[in-house]
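Next come two complexes built around chain A: one with chain B, the other with chain C.
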Partner chain A sequence: MTDQDGPQYQQLLARKVEVVNVGLEGFVKDLRDCGIDVVHVDWKPSAGGDPQMAALLAKLGV
Partner chain B sequence: MNVVVLNEVRKGFYLDSVALMRLSREVAGSPGVIEAALMMGTPSNAAIMRNAGLLEEGTAVKGNDLVIAVKAESETAAREALDNAIKSLDKPKSQGEAQSAWRPHSIAAAVKNRPEINLALISVPGEFAAAEARKALNRGLHVLMFSDNVSLEDELSLKQQARAAGLLMMGPDCGTAVIGGAPLAFANKLTRGRIGIVGASGTGTQEVSCLISEAGAGISHAIGVGGRDLKKDIGGITTLMAIDAFDSDPETDHVVLISKPPHPDVAKSVLQRIGKSKKSFTVCFIGASEVELPPNARFSPTLKGAAELALGHQKIGAGFDANAVASRIPRNGRGGIEGLFAGGTLCAEAQVILAAAGRKVASNAAIPGVLKLGVEPNDGRDRLIDLGDDEYTRGRPHPMIDPSVRDEALRAALRNRDLSVVLLDLVLGYGAHADPAEHLTKIVTDRGRDAPALIASVVGTEQDPQGRSAQVRKLEQAGILVAPSNAQACELAVAIVQNAGR
Partner chain C sequence: MKLIEDANQQALERILEGEPRLIDIVPARQLIPGLRERMILHAGPPISWDRMCGPMRGAVAGAIVFEGWAQDLPTATKLAASGEIEFHPNHHFGAVGPMTGMTTMSMPLFVVENARFGNRAYCAVNEGLGKVMRFGGNDASVLKRLAWLRDVFGPALGKAIRAAGGVDLKSIVARGLSMGDELHQRNLACSSVFLREVAPWMARTSTDNAVLAECLAFIGQNDQFFLNIAMAMGKAITDPANGIRGSTIVTAMCRNGTDFGIRVSGLGEQWFTAPVEMPEGLYFAGYSEKDANPDMGDSAIVETIGLGGFAMAAAPAVAGFVGAGAPSEAGNFTRSMGEITVAQNPEWTIAAMDFAGVPTGIDIRLVVDSGVVPVINTGIAHREPGIGQVGAGVVKAPLACFQQAIVAIAKDLGVS
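Then we have the complex of A and B:
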């Protein structure tokens, strides 16, 4: 996945970071205090809390 | 004593590990309670609670269940503590910013509504972290995975997927990164400047970036790659991509690479890549002997040395004279050093410095050439403990978030009359404890007059939420010697024991 400016990972340093936070809620305030836009996901373990099933579903793109 | 164990299982109820820690403390402090835990019922947490005798016979839990477990001296005490915990859980949340803002239920929903999102910060329990990272990569996001306990197979497949998509996969177990001033996970408020960092070790990155920032220069970006990126299995995938990124970054003139000694094949390919770069490099493989470098790179085996090279040989803490400070410490005829570190890389740097000074050293996180603690008797060696290691953090937050992980070991060290010195570190910044100096001074305040000398270093900057100088002042007021860097704290420890034995 590249465009005329090079691969996305080379552009990351030049662009504004905007974050989706999944997990520790404390990170949200830290980012906002530094002027970074962040959306916090109200996360719960997927697949009824079964890690193997959650991994499989993620691989399948669910 | 009659011991009663009671459990409450909340189905489909999630709280993050820091919120759980706070509530666990509250419950553990209730009258008559021997032990208490609030944990998500993941397989690894269920095993911890079962081993601690905190799960009732027949209690079945799943990863999306919240388990409250109380062990108490009586049924009444257990019931009361449990009821209080339930009340706290059911209390309406304060209307803070995070609560009042829009909170989607998935990464997909977040990205759909906010297509500008370009990075996912993932800190869910390790068992679920790879699945969340895969969802983020599938949606074209760079990932910083703070979570640990992710398998090497998952790490490799995530990094391969990221590389194929042109995305940066930082982690798993990536403690820190600063991208364009955005502090990701544990990070410090740094002066912006023209030095970039690629770090396979979180506290190593924090120490070097803070020393550079406090010395008056600045950091462009710090990219974390995760502690295993330079192992043979992963092959330095993210490190090589990070070097590419810095190579084309007009804001960066010089790059510092920080890692424990990599696999030789990986070191070779990384150093070859550095040789092709237009930028100059400082390579810090902590504890490695001198490595063969391309002409545009310099080597340091320590973090302080790496910061000084990046600063163009400017000395860190130039006015600090370890021998002069040591000469003012009363001699006590003992000789031992014990280090109790929140920062794993600071523990590794301490091993390098003590071993180079001729000390015999043992550690639970031993670098090459140092005895691994617990394998054989350490027969009078200095003990340097990494309190962020799995054995101390399984089922509880990292000591940088919850400094009480160190309390018990510190109290024991203060009573240990074989020790001349106890070495400590405080790590400040976003994500870290709000006032680690206050916590530490409370533990040491009633130490005996003949307790070992306490030496600390403070990783942080003046702009950090805790303020470096305010933390240093609190430590000094409690009689703790504070060095300008972890390396100089170690040099002072060596000077004191050499003085004591004279």
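Then we have the complex of A and C:
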């Protein structure tokens, strides 16, 4: 979020923030250290982000 | 893709419908017509002498002396290196073998018949702990034990098993899982239940009390005795599920100390290999990871049917033994393997998981998609020939095997 973002984002932070963190777990600790409730979702891109393998998997029904 | 889903359903049904029974112990030459003089079957995917690891070479030299093809180990090693010995994987002959997996013509093999499909699979007798050929041991004590297994134990147990009309294996495994076994690094319960079933038949068929006592003690003193029977069972269960076009279910996983190999149902006899990884685990006093050999053996066939590392939750004590964390974390391994399998086996359940079935039917698509690879509970061999086991641990199957198989099946189905 930047200073140019609109008032809706400022309102978002004006109330209690609850975060769903998807993917990299490193952000979770920092947020919790700030007293923010965080639910972590363990997620990785398909095939570790390998586009060729992900495309094959999509064709094979994953 | 409907073709794949239907094929996987068929492969899964064949795995779950297997009816494995131990029906005999017979010298290998009588079971495997192609097994002849100067031919050795080994664990894992195909490998030549020049790429074999230390313990595999040590076991090969020992097997050559055992069969009388050379008088001593140095001569045997020269013979093996000369190209005059044929090497083939156990899997190519309906067999499996733990660690180095040596199978030669005079060794007695367990015969497991899958009554549902009529196929058979074989595995040599577990030698016990200490210096043993499966860990590369090859000295006089190793060869003497193998000769006793061939001349005394094999015929005695074979007679008892035939008299009993065979031994049902699925029920032993079910009981073992409820008694703390995962069937790879802990077989104490299954070995004990097996002994309870065959001991009366051994007594009825024995004509020599001293031999009977020796044979009963050999089984009773070996906590891992049942492993080799479970391996033959695994092979007998998975073979009928191989060769179903379009199926992405894994039908074999094995390693030879150099390469890890898998077979996939829809791709038949083809191997997909990658360098085998080092196990992570705990070492016996006086040894460390510097002494360890990369992972070996056909024993990962038990993980292929949902046991071993896949059934870790049934055996929390094993998690500590193999250095895989606290016993309370054992369930995480089983849950994790549930992410890469298509079903649970309703006949093999785990009390600690509210009687969930063991995760069954590894789908290569789920492995590559998630990056979660099969975990295998394993023994660790010393990297030098002739020393033996130095620890136990967990090894991960290399992702590259599964990626290669994805490319191959996509090509076969014309979707690449």
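Quick note on the criterion: the second predicted complex is superposed on the first by the 35 of 62 C-alpha atoms of A that agree within 3 Å, B and C clash if a C-alpha of one lies under 4 Å from a C-alpha of the other, contacts with A are read in each partner's own complex, and residues count from 1 in each chain.
The criterion applied here is as follows: a contact is a pair of C-beta atoms (placed from the backbone, for glycine too) under 8 Å apart; a residue touches a chain by one contact, two chains touch by 3 or more.
Keep in mind that what you see is a predicted model, and the values were worked out from it rather than measured.
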item: Touching partner for A:59 - first (chain B), second (chain C), both, neither; value: both
item: Chain touching more of chain A, residue-wise (chain B, chain C); value: B
item: First (chain B), second (chain C), both or neither touched by A:28; value: first
item: Partner chain(s) touched by A:19 [first = chain B, second = chain C, both, neither]; value: first
item: On chain A, positions contacted by chain B and by chain C; value: 44, 46, 48, 57, 59, 61
item: Chain B residues within the chain A interface of the complex; value: 12, 14, 16-19, 40-43, 62-65, 96-98, 101-107, 109-111, 113-114, 116-125, 127-128, 130-132, 134-136, 138, 140-142, 146-147, 154, 165-168, 179-185, 187, 189, 220-221, 241, 244-246, 248-249, 251-252, 430-431
item: Chain B-facing residues of chain A, complex; value: 1-2, 6-10, 12-46, 48-51, 54-55, 57-59, 61
item: For the chain A and chain C complex, residues of the former touching the latter; value: 44, 46-48, 53, 56-57, 59-62
item: Chain C residues touching chain A - in the complex, by the definition given at the top; value: 1, 4-5, 248, 365-366, 368-371, 403, 406-407, 409-410, 413, 415-416
